[in-house]
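Look at the two complexes coming up: chain A is in both, with chain B in one and chain C in the other.
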Partner chain A sequence: MDLVDFARGPALKAAFIIFILGIVWRIVNVLLLRHKRILSEPRRSVGAALLAGLKGTGSRSWPHPEFIKRTVTGEALGYSYHIGLFIVILLFAPHIIFFGSFIGARWPALPNSVVTIFAVITLTLFVAVLARRLGHPVLRRLSNFDDFFSWFVVALLLVSGLMATAHVGAPYHTILGLHILSFDLLLIWYPFGKLMHAFYIFPTRAVDGYVMTRKGAPS
Partner chain B sequence: MGRPDLEPTIGELLDRHGVSRRSFFKYCTAMASLLALPPLAARALASQLRSAQRPSVIYLSFQECTGCLESFTRSFAPTIENLIFNVISLDYDDTLMAAAGAQAEQAREQAMRSHYGKYLLVVDGAVPTGDGGVYHCAAGRTGLDILTECAKGAAAVVCVGTCASFGGLPFADPNPTGARAISTLVPDKPVVNVSGCPPIPEVIAGTLLQYVSSGRVPDLDAHLRPTVFYGNSIHDRCYRRPFYDQGKFAKTFDDEGARSGWCLYELGCKGPTTYNACATLKWNNAVSFPIQSGHPCLGCAEPDFWDRGSFYSPIPSPRWGKAGEVSPAQAGDIAAGAAVAGAAIGLGSVMLARQRIKRYQRQPPQQSEPRNEE
Partner chain C sequence: MNTSPVQFHASLAPEEANLGERERVAGAMRGFAREIGALSALRLEACVHCGMCADACHFYIATEDPQYTPVLKVEPFKQVFKREASAFAPMFRWFGLKAKITGKELERWQHLLYDSCNLCGRCSLMCPMGIDIAELIEQARRGMFEAGLAPKELYEKAAHQRRTGQPEPSEEPYRDKLLAIGRQFNVDIPLDKPKAQILLTVPRTDIEHYPAAVAALVRVMAHLKADCTFRSDGLIAENYGYYAGSRDWQREISRRLIDQAVACEAKVLIVPECGHAYTALRWEAAELIGKPLPFKVLHITEYLAEALEAGRLRLRPAQVGATAFHDPCQLVRKGGITAAPRQLMRAMGIEPRETVRHIGYNICCGGGGGVFDIERAAPLRHRVVEEKFHDIDQTGAQTFLTSCSDCRRTFDDGKQRFNWELTPGSLLELVAEQLQGG
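Right after this comes the complex of A and B.
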C-alpha cells in the first residue's frame, strides 16, 4: 500500500470516524450541560425572542458600526480567506469528486486556473492573518496552541494542494498522498480545536439573541 | 578491415549487409531524437554504435501473456528485425527462435558460456516462488531456478513489462503463486524496469539500444525505470491537459464532453499518477494512445495497478477496503455508527461532569487563609 492508498483508505476512514464522533460528542456536551436559567422577568414573547435569535445569526455576522474602525482589518481578512477557502474546497474539480463520493452528488467546478488563483490569494491572506496575530499585542497574548495549530493544519492543506497542482517538490503521487494526509489531520483535529466554530457560531448567536430578547435587551 | 579473432562490430555487420552510411546516420538521428538527446549527440551515438559489438541477449519468459513480446515485435524505430539482426544478438527467446526443446536450451547454455559476465538478460513476466516455484516450469526446471542461473552471468537485467518489473497481474491480490518482481529476486545485478502492460515497443527497443550504445544502464527513476522514457507523467504531456486546466470533463463515455475530447479525469484516468511515454511516443508508429482513443489511462506502468480498485474510479475517490470507491450508503453507515458512539461518549462525559458538580456543591465551603495585613 503506497502513501495515496493509505491516505485515502484506512487513514481517511479513521479520520472520518473521529471527525463525526468528535463533533457529535461536543454538540451533545453543549446541549446537555446545565444552562443558567433566565431569572429575569420575560420582556418579550417566546416567538419574538426566537425570531430575534434567528435574525441575530445574520445581523451579528456584520461588524457593529461603533467598532468598525477598530475591527475592520480583522473582519476583512477573516471574510476574505473564508470565501477563498469556500471556493478552493468546494469548487475545485478533484475536490468535487472527493466530496461527491460521500454524498452521491457532483456539482459544476470552476476552471483550475481560477481555483489556483484563489488558493494563492487565500494562502497569502493566511500568512497575513498569522502576521497580524503575532504582531498585535493583545491578539498575541490571547493566542494559544489551538490558534496556531488550527492555522497550521489549514495552511498545510493549502500548501500541499498548491504543490500538487503545480507538480513541484516531489512526484505528483507523493504530494497527493501528503495532501490527503493533511486533510485527514484536519478531520481529526477539527472537533477538538477552534475549527469547531463552524458548528457553534450560528447556534450560539441564535441562543444569545433569544436570551437577550427575552430579557428585553435589543439583539 | 575485419577482425577475424573477434566478433564483428555493429558497423562491420552493417557494412556486410550493405546498409549505407546515409541510412545509418538517419537511423542514429532518429534514435537520438527518441532518447531525447541533443542533435549533436546523433554523431556520437553513430560512432559508439559502429564500434560496439553486438551484445548477446537472452530473453526469458515467465508468468506473462506474451503481450510484451507482441508489443516488442511492433517496434518501428528501431524495427525488431533491425534490432535483433544488427544491434543485438538474440541468442535465446523461446517464442521467436526456430529451435525448440533440447536444442533451444543448448543455445542458451552456449550463449551463457561464451558471453559470461557480458550478456544482457531480458525478462518478461513475474516469477512464481510459492510452493517451490512449481507454477512455472520449463525443460523440467522451475522459473526461479532458470532465472537464478541466467542472472548469475548477466551484465544487466532488463525487465520488460509490468509483470517482470513490479509483479503485475500474477502479483495481484491474493497472488496465489507467490509471484514476485525480478528486482526482488536478482539483488546483485543492475536491473532496468521497462514497465507497461505492455510497454511501448519503442521504449523497449530504445532502452536496449541505449544500453548497447553507451555500454551502461541508463539513468533510472525510483522504480528503476529509464528517466528518458518515464520522466514525465502522462497527464503532463497529455493533449487533453488544457481541458483539465479549464475544468472541462467528460462525465460519461458518450456525452458531449467525451465527443468534444474533454479530459477523462472524472472517468478514472490515471494519467496524473502514471509515468510513461504514451502521450509523446504513442503507439503503432505514433498513431494514437489510449487517451486519444477515448479511454482513460489505466496506470499500467505503475506498481500494483491491478490492486487499486476500479479502473474507472477517479484518482481522488476515497477508498475504504477492498470494495473500492466509497459509496454514500457506506459513508452514511459509518457516519451513523460514529455519531452513535459520539453521542454515547458525550452523554457519559455530561453525566460525569454533573456528578462532579454535585460533589463540589455538597462540599462545605472552605475558609480562606487569613491574609497578612502587613
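Right after this comes the complex of A and C.
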C-alpha cells in the first residue's frame, strides 16, 4: 500500500468515521442540554416568529447597512474566501470524480486552469485573513488555538492541492498522497474546532430570529 | 486567548469581599452551570471569533479598546462551558485548551461584564452567526453574582430592594414620597386600592429625580379614567436583581410586583418610563417564576398608543420645534416597541428626526444595565454618551425626548459633563401637557 492508497483508503475511512461521529456527538450534546421554556406572552404569533426564524437563516447573510461601513473588510474577506473554497472544492474535475465516487453522482466542472486561478486567489485571501487576524487588535485579542489551527488545516489543503496541480515540490504521487492526507486531517479536526460553524450557523440564526420576532423586536 | 488584565480592581460589597478563592470559584461554577442549556450552548459553540460584534458595541466604538469586544466579555462563561459541559470537554481539560477558571481572572472580568455593557443587544443584531451575545452577557453576570463579584453598588441596591422593595434607604419611604409628589403637583395619587384593573409602578429614578414624570403618569391615567392603583408593597419598577445578575433576587423582586397585581386582580401591569424594568417584567418574570403571568405587562407608551388608536386619547399639537427621540434599548431592540412612541409624537404633530444610527440600530445612552450606578464606570460611560450626543446633534433637533428615566438621567449627567445644549425630556410628560380637554 503506497501513500495515496493509505490516504484514500484506511486513513480516509477512519477520518470519515471521526468526522461523522464527532459532528453527531457535538450536535447531540447541545440538544441533550436543558431546554429553556419561554413563558412570556408573545407579541407576535408563533407562526410569524417561525417564519422570521426561517427567513433569518438567509437574511443574516447580508450585512445590515447600519453596520457595513465598519465591517466591510471582514465581510468582503469572509465572503470571498468562502466562495473561493466552494469553487475549488466542488467545481474541480478531480474533486468531482473523488466526491462523486462516494455519492454516485457527477456534475459539471470548471476548466482546471480556471479552478487553479481561483485556488491561488483563495490562498492569497487566506493569507490576508491570517494577516488581519494577527494585525487587527480585536481579532488578535479574540484568537485562540482553534482559530489558528483551523486556518492551518484549510491552508494546508489549498497549498498541497496547488502543489499537486503544478507538479512541484515532490513526485506527483507523493504530493497527491499528502493532499489527500491533509483532507483526512481536515475531516478529523472538523468536529473539534470552529469549522463546525457550518452546522451551527443556520440553527443559531433561526433561533435568534424566532426569539426576537416573538418579542416583535428586530432580528 | 490573550487574557491580559483589565486595569480595574473589583468593587465588592463587604459580604462579597469576605469570600475566599475557593468559594468564589465554586460560586461561579454553580452560577454558570445553572445558565448552561441547549440555547446558551448553541450560542457559545457558534462563535467564529470574527470580531464584528466589536463594531456594534458603543463601548468599543467610543474607545477602540479591544477589551470591550462583546463576545470577549463572555469568556469566563465560555471557558466553564467548554471545560465542563461541551461535547469534548475532556479534550479541553487534558490539552489545557481552556484553563481552569480562577478567582483573580473572574475579578478582572467584573469591569467588562458590568461597567462596559448595557445589555442593549446591538451586538446581537450585528452577529453574522445570529448569536444573542447580550443574553450570554446577562447569563455570565449571573455566574459573577454567584462568585460574589457583582459590583458593590449593584449588589447593595439589589440586596436592599429584595429586603424592602426599594433599592436604597430614603429619609421617607417611597410611598410617602409618592404622596408628596401628588401634593406638589396637585394630582390625586391612586394608592392601595384593594381592586383595580391596572397596577401602576414607578421608577425610583422618577421619584428621586423626575417627580414631574410621576405626576404626568397619574394625570394621563386620570384623564383616561383608568381604573388603576399604585400599591405600597409593590411600587418600584426597576429590578436591581437583574442588573446585579442574581436570578433568585430578580425573581423575588419581580414577585413583589406580581403578587400585588394578583392581589388587586389587575389585568394590566404598567411599566413606566424605564427600559430594563420592562425587560425584567415583560420578558423574564414569567420564566423566573415558572409560569405565565396572569396579567398583561405594558410599557406606558404602548398603553397610550393603544388608547390613541381606540380614540380614548386625543392630544393637542406640541410647539416644540424639531424633535429627536432616543429609543431605549430595552424597549426597541429587545422589546419590540418601535411604533408606539412615534404614534404618540405624530399625534402631537411631531415628526421625529431620526438619528443616523436609528430605531433598532441606535446606540445607547451608555447608562443602562446598571452602568449608571457604578461609580468607577463614569468616565467610560461619558465617552459613550458623547458619541450619542454627536448623533443627536446631527439631526439639528431643538427638542430631545426619550421614554426611559434611566436614559434621561444618563443624558442629564452627560449634559452637565459636556455642557450639551439640549435638555433631555420625557415623552410621557409631553403627552400629559398636551392632553386635549385635560
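Everything that follows uses one rule, which is that the second predicted complex is superposed on the first by the 218 of 219 C-alpha atoms of A that agree within 3 Å, B and C clash if a C-alpha of one lies under 4 Å from a C-alpha of the other, contacts with A are read in each partner's own complex, and residues count from 1 in each chain.
Definition applied: a contact is a pair of C-beta atoms (placed from the backbone, for glycine too) under 8 Å apart; a residue touches a chain by one contact, two chains touch by 3 or more.
Keep in mind it's a predicted model, so treat the numbers as computed, not measured.
Q: If you stack the two complexes on chain A, which partner ends up touching A:33: first (chain B), second (chain C), both, or neither?
A: It touches chain B and chain C both.
Q: If we overlay the two complexes on their shared chain A, which of chain B and chain C does A:147 touch? Say first, second, both or neither.
A: A:147: touches chain C, not chain B.
Q: Looking at the overlay, what does A:8 touch: chain B (first), chain C (second), both, or neither?
A: In the superposition, A:8 contacts chain B only.
Q: Can A:25 be said to touch chain B (first), chain C (second), both, or neither?
A: In the superposition, A:25 contacts both chain B and chain C.
Q: With the two structures laid over each other on chain A, which partner does A:16 touch: chain B (first), chain C (second), both, or neither?
A: After superposition on chain A, A:16 lies in contact with chain B alone.
Q: Can you tell me whether chain B or chain C touches more residues on chain A?
A: Of chain B and chain C, the partner in contact with more residues of chain A is C.
Q: Looking at the overlay, what does A:101 touch: chain B (first), chain C (second), both, or neither?
A: So A:101 only meets chain B here.
Q: After lining up the shared chain so the two structures overlap, which partner does A:110 touch, if you call chain B first and chain C second: first, second, both or neither?
A: first
Q: Would you tell me the residues on chain A in contact with chain B in one complex that are also in contact with chain C in the other?
A: Dual-contact residues (chain A): 22, 25-26, 28-29, 32-34.
Q: Give every residue of chain A touching chain B within the complex, in rising order.
A: 2, 4-5, 8-10, 12-13, 16-29, 32-34, 93-95, 97-98, 101-104, 106, 109-113, 167, 171-173, 176, 180
Q: Give every residue of chain C touching chain A within the complex, in rising order.
A: Result: residues 1-2, 36-39, 41-43, 45-52, 54-56, 60-61, 64, 66-67, 69, 71-72, 85-88, 91, 97, 121, 124-126, 128-132, 282-287, 290-293, 296-297, 332-338, 357, 359-361 of chain C touch chain A.
Q: Help me check something: in the complex, which residues belonging to chain B touch chain A?
A: Touch residues, chain B against chain A: 233, 235-236, 244-247, 249, 265-266, 272-273, 275, 303-304, 308, 314-321, 325-328, 331, 334-335, 337-339, 341-343, 345-347, 349-350, 353-354, 357.
Q: Under the stated contact criterion, what part of chain A meets chain C in this complex?
A: Residue list for chain A touching chain C: 22, 25-26, 28-41, 43-44, 56, 60-61, 63-64, 66-67, 70-71, 74-75, 78, 136-147, 191-192, 194, 196-197, 200-201, 203-209, 211-212, 215-219.
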